[in-house]
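Below you'll find the structure, written out as structure tokens, and then a few comments.
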Amino acid sequence: MPAAVPAVLAAAGVVFVGLPLVGLLERVSWSSLGSELSAHDAYVALRLSLETSLGALAVAVAFGLPLAWVLARRTFPGRALVRALVVLPMVLPPVVGGIALLYAFGRRGLAGQLLYDLTGWRLVFNTSGAVLAEAFVSMPFLVVTAEAAFRSMDRRAEEAAATLGAGPAYRFWRVTLPAVAPALGAGAALTWARALGEFGATITFAGNLPGVTQTSPLLIYLDIESGHETTALALSLVLLLVSLGVLVGLRQRWLGNP
Amino acid sequence: MPAAVPAVLAAAGVVFVGLPLVGLLERVSWSSLGSELSAHDAYVALRLSLETSLGALAVAVAFGLPLAWVLARRTFPGRALVRALVVLPMVLPPVVGGIALLYAFGRRGLAGQLLYDLTGWRLVFNTSGAVLAEAFVSMPFLVVTAEAAFRSMDRRAEEAAATLGAGPAYRFWRVTLPAVAPALGAGAALTWARALGEFGATITFAGNLPGVTQTSPLLIYLDIESGHETTALALSLVLLLVSLGVLVGLRQRWLGNP
Amino acid sequence: MSLSADVDLRIGGLRLRAELDVGDDAAVAVVGPNGAGKTTLLRALAGLTPLDAGRVVIGGAVVDDPRAGVRVPTEERRVGVVFQEPRLFDHLTSLQNVAFGLRARGASRTEARAGAAGWLERVGLAHVAGLRPRQLSGGQAQRVALARTLATEPAVLLLDEPLASVDATARADLRHLLRQELRRYPGSRLIVTHDPVEAAALADRLVVLEDGRVTQQGPLSEVTARPRSAWVAEMVGLNLLEGTASGRSVVAGAGAVVSTATSLTGPVFVAFRPNAVTLHRRAPEGSARNVWEGRVSELHPAGDRARVRFEGPVALVAEVTAGAVADLALADGGRVWASVKATDVEVYPA
Amino acid sequence: MSLSADVDLRIGGLRLRAELDVGDDAAVAVVGPNGAGKTTLLRALAGLTPLDAGRVVIGGAVVDDPRAGVRVPTEERRVGVVFQEPRLFDHLTSLQNVAFGLRARGASRTEARAGAAGWLERVGLAHVAGLRPRQLSGGQAQRVALARTLATEPAVLLLDEPLASVDATARADLRHLLRQELRRYPGSRLIVTHDPVEAAALADRLVVLEDGRVTQQGPLSEVTARPRSAWVAEMVGLNLLEGTASGRSVVAGAGAVVSTATSLTGPVFVAFRPNAVTLHRRAPEGSARNVWEGRVSELHPAGDRARVRFEGPVALVAEVTAGAVADLALADGGRVWASVKATDVEVYPA
Amino acid sequence: GSARPSATPTTAASATAIDVFAAASLTGASTAATTALAASAGVRATYNFGGSNTLVTQILQGAPADVFASADRANMGRLVAAGLVETPVTFARNRLEIAVAPGNPKHIAGPADLARRGVNVVMEAPGVPAGDYARALFGSEHLGVRPVSLETDVKSALAKVTSGEADATVVYATDVAAAGAATSGVPIAPALQPDITYPIAVVKATRHRAAAEAFVRSAVSGAVQRDLEAAGFLPPR
């Protein structure tokens, strides 16, 4: 491309994404920002958001990482189907995702009933339910990025490790994982960001109780619905700043060295 | 890892994602499925969904691809910030994203006012508004995957092309793009999937007008609101099948060769 | 320990079908052109590429036998591999790289560090213990790779062109180190190469692999003196003709007749050195029985000699002194006569 | 067209500072050890690596001069580059690869195809026109790369170890092709290599680059006869000592005295061939003036000769016949005397 | 799907098309209105359903609405205060009901039972009208109801009951009616009912004033009112 064309289009892209954020900034009433954010609910919701999104990230890593590894390294019938299946939560409108989660993990759900009968443990209306909903929606990000990383990594180092007597587990932890760490960092950031912003599936599946399942996006939505738009914007701003901080902080690891 | 551990965890991951989808399938009333889907609105919404999500993909590619290229290949002050900024729409609860879009591109918005005064063109409550909202939410996916692809591609072929007399544009179209095509295909699929499932930003920014801005997720929401859950599920199912079809169809290009 | 293998596999466009025995404490060099399957053979022995059929036996134990369902994973074979590229772990220092195998085999952190430090010392790299692979030169990296492999005390040592990525000067030193270490090493050694000097320096037996098949094997001196393929002849720097002998004369390729000192019958190979070929501006008279007329197709100096490519009834390479080039006014495309004495020609059954 | 450059740049740990002139229709070989900056120099000329200072002039036009703010992009320099690896475009066939440059420079599809087909024919690859790079052998791929570059008719041709990735046999053929094509090619040529045979075959002048600096340059025969660095000596197969001359005797490195036939004063280089060195089991008597006692540190056969590494007051390499090895019962570590005749020693100012 | 509100034009092409911004909770009522209007006023209505507050934001941002139908007076009030709508009229009222699982397994007879131990109650969050009404009701009766979740709207509260996660919630009678067999309604005494009204108004910026006014008029007309009643609404007082 002529040197200027991509730069101009890229700048347009930045404006496209940046302008709405500037719009938000403009509407925030800065004078009352402090008092609105010091409200107990806002603090509790933000804290809960961080906890549940990190929990969701943990769940996504615990299951998504092995899944990505299997998809990248093993051949088995139906692999293409599994690969597509795992991405579907991205397509599903989140509210429908929440309903689907109720069917599966609700007290009367396919697995939820069993869980409840056996252990008396209920996910719905529980913080663990919020974690589950966020993990459901965000796991595809981890799987997709991790699979790409596993697939594109240079496997010659793994072979060398095997000839040095390293078994599969040792190889994975000491060779494979360090090699894909930058890409995984990027994928984890995306996953975490998506979990942090999750709304529809959480409210539908886990409900909304301050301190238990009311994450920031839920509180923001309620503030909007009840006409407290400025409070909602202030909270959104904080959410953005927190994630911006994390994302910029990750910049060195982001997609490998810049 | 001992051979069985990743397989077991991966299987658990598949169950976690798959069970809710099975739950959905179970609840769909198969006998009335046909009649529900043949309803004119469902057809219109699905068609509109396909149109707007492809439009959003086009917008995301038009701006996101150059942006990804610039982020991957140029160094400039504030690059880390831009890189993080571009991902923020993923964190923002979609409803807040919609409000932010109104502030920016609404008729009274920062850019929207100008646009309206100059051309009389209004984005809100127009199909183009739905496209814009979907593009806003889904563009990060394209930028992130495309940047990773541009960054990790072997640039030696580009150098060879330059020594053969190929200028930047020719190089980009004939060497760079073919080299990153598989990764771009995967990124485009994610982007499209996210646009297809978009709900909150669309209804807030573009409204919910049948045939104009009422995409499938909006119709599904409305069906849930008016108590027609089974219709909503049937529609969700169709949405899933359509995207599953596209994703499985893309499997060969998906993340390079399997 | 000894290594014995009967490898049969297909990969990509290659069909590899090779039998191989490396005695206890023996060193074998595998030579052959690009794409012959040398690397693939070595990978099959290490368990990195699966066999379709055949078996691999290391120190008496069957480690691979697809028919019997035996396939011992690489990490349990105790084969040490030095790859063509160093393949060091980028995120570890030199010392940690060498310690890796010791740790993987269960040594404590302190033991492994001590062992690794000893090995780095031994390959003359104690001073780069704390550096990452990116900070090492090609030769240093390959030394670390060697130390890393030797440190695990493998039963069998497989080296895949260990000098290929190293420049000429560093290569001499590294070859020297390799010779020393291989001499001290107590098991079977297999060295892949396509450099005859390397083969000569590091092994006492040669296996020639061409297009997935073993085309010749034997002691170094025998293969060097009596090549059985154009590739081997080229490698050892001999002219090779294939023909049919009846008594002391051989009818070669395009109908040319070669006189020999030995009497044989049937298909034979005829070999002679480039410096046994004399070039003449005019048809020579004298005792040389083998005289052909032809053209110089290429000429290039090499030190105080020049190598001349000759094309006539037979194609051959002659090595003449720089003086002769001037005297004969040799030039590309020029017309010349080439002669070889019957006594300078080695003839042996094909 | 001619090429003239004064390159000054830093990249990674390298400081490259080299002046270079390649006349119209001249062929220059750049030789030097790994990491010397050969590839970097070539990349700088092609505009792929920016200069910090200096200038590059191609056919009279300044294409790079950072001080003056001039930097013509690679695609407008009309430099043809053949890289160390073929760097073919994986998604295009051989024919499309060769046609690429023609298309990029504006030829119509038909013209480009015709031109490309002609070039493939010329490098003997018409039969692989429809194949993708993955389906080609290393030698074939490098031929396609050569054709692809020549097809664009560059003003200056830069080749970076064009034979490095090709095996010995294919290398001879490819070298032959390169010689032919380079002879027909009308502009300046620069060939990077660390193989002296390649340098001799393809160029008439040598530039020696070591650690980012030009350490020697001149006609091939001169550099070959009078090396000015250990690396060059090693490359051309000479023993080189550095010392101080007073009349016909030179005091070299560790205090050894070398007698020479030529009289000189001041710092000098002393060079002699490995085959000018005679080895003895006992201190020799006779006319040789230069006799040193030492040990054999390495010994390896090369054809009918053996190269022996000798360490004494001076370190040197001797080339002796295989017979001599047996007669002298030479072995690694054994004690020997080495002698060189004063008349076999070349001495020249450092 | 047949009960779904539809944009299908049912009159001649000459009919004027207007955009009606309506609270999502009015989806059930809109079907009736669409049909009736097509017959009576010759107006073709396209509905833009959304949360009342979202709709207000959209209209404040210049959205091309002709008519706005709100689920509460507060949101309509914001537009009145901004001077963007004509004087609103009330076209329907609603009442609260307790929604319980089909067959009422926890035997809930009235609001007092919601404070019982072992009864999982969900409510709507503060700011969501239905929740605020219910909270006022519980307050006036001094009932210590401890909800397990504060849902963002009526439908998601109801969904928690129909899916069996919760035992009861307080929603509008019209929602219970729309949910059919998935839930049972337990009535709340009229004395305890709050005043729940639905206002409708013409947006001042409309380009189809006559049609918009006709739409608002017909909303309180007999035909529409009969259909609203069938959907469970009460007539305006």
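Worth pointing out:
A, B, C, D and E label the chains in the order they appear, each numbered from 1.
Note that a contact is a pair of C-beta atoms (placed from the backbone, for glycine too) under 8 Å apart; a residue touches a chain by one contact, two chains touch by 3 or more.
These numbers were taken from a predicted model, which means no experiment stands behind them.
The minimum number of touch steps separating chain A from chain D is 2. Separation of chain A from chain E in touch steps, taking the shortest path, is 1.
Residue numbering shows that chain A and chain B use the same positions for more than half of their mutual interface.
Comparing chain pairs B-D and B-E by the number of C-beta pairs in contact, the larger count belongs to B-E.
Between chain C and chain D, the centres computed from C-alpha atoms are 23 Å apart. Computed centre separation for the pair chain B/chain C is 55 angstrom, with centres defined by C-alpha atoms. Inter-chain spacing, taken between the CA centroids of chain A and chain B, is 16 Å.
Under the contact definition stated at the top, not a single residue of chain C touches 2 or more other chains. Counting partner chains per residue, chain A shows two or more touched chains at residues 99, 102-103, 221, 224, 229.
Multi-chain contact residues of chain E (touching two or more other chains) are listed as 54, 57, 153, 159. The list of touching chain pairs reads A-B, A-C, A-E, B-D, B-E, C-D.
The residues of chain E lying in touch with chain A in their complex are 51-54, 57, 74-75, 78, 120, 122, 125-128, 147-153, 156, 159-160, 163-166. Residues of chain B that touch chain E in their complex: 35-36, 39-42, 95, 98-99, 102-103, 106-109, 116, 122, 124-125, 203-204, 207-212, 221-229, 231.
Across the complex, chain B is touched by residues 1-8, 19, 24-25, 27-28, 46-50, 54, 57-58, 60-64, 153, 155, 159, 162, 175, 178-180, 182 of chain E.
Residues 156-157, 159-167, 170-171, 174-175, 178-179 of chain B are the ones touching chain D in the complex.
On the side of chain C, the complex with chain A involves touching residues 46-48, 73-76, 78-81, 83, 85, 87, 89-91, 100-101, 104-105, 148-149, 152.
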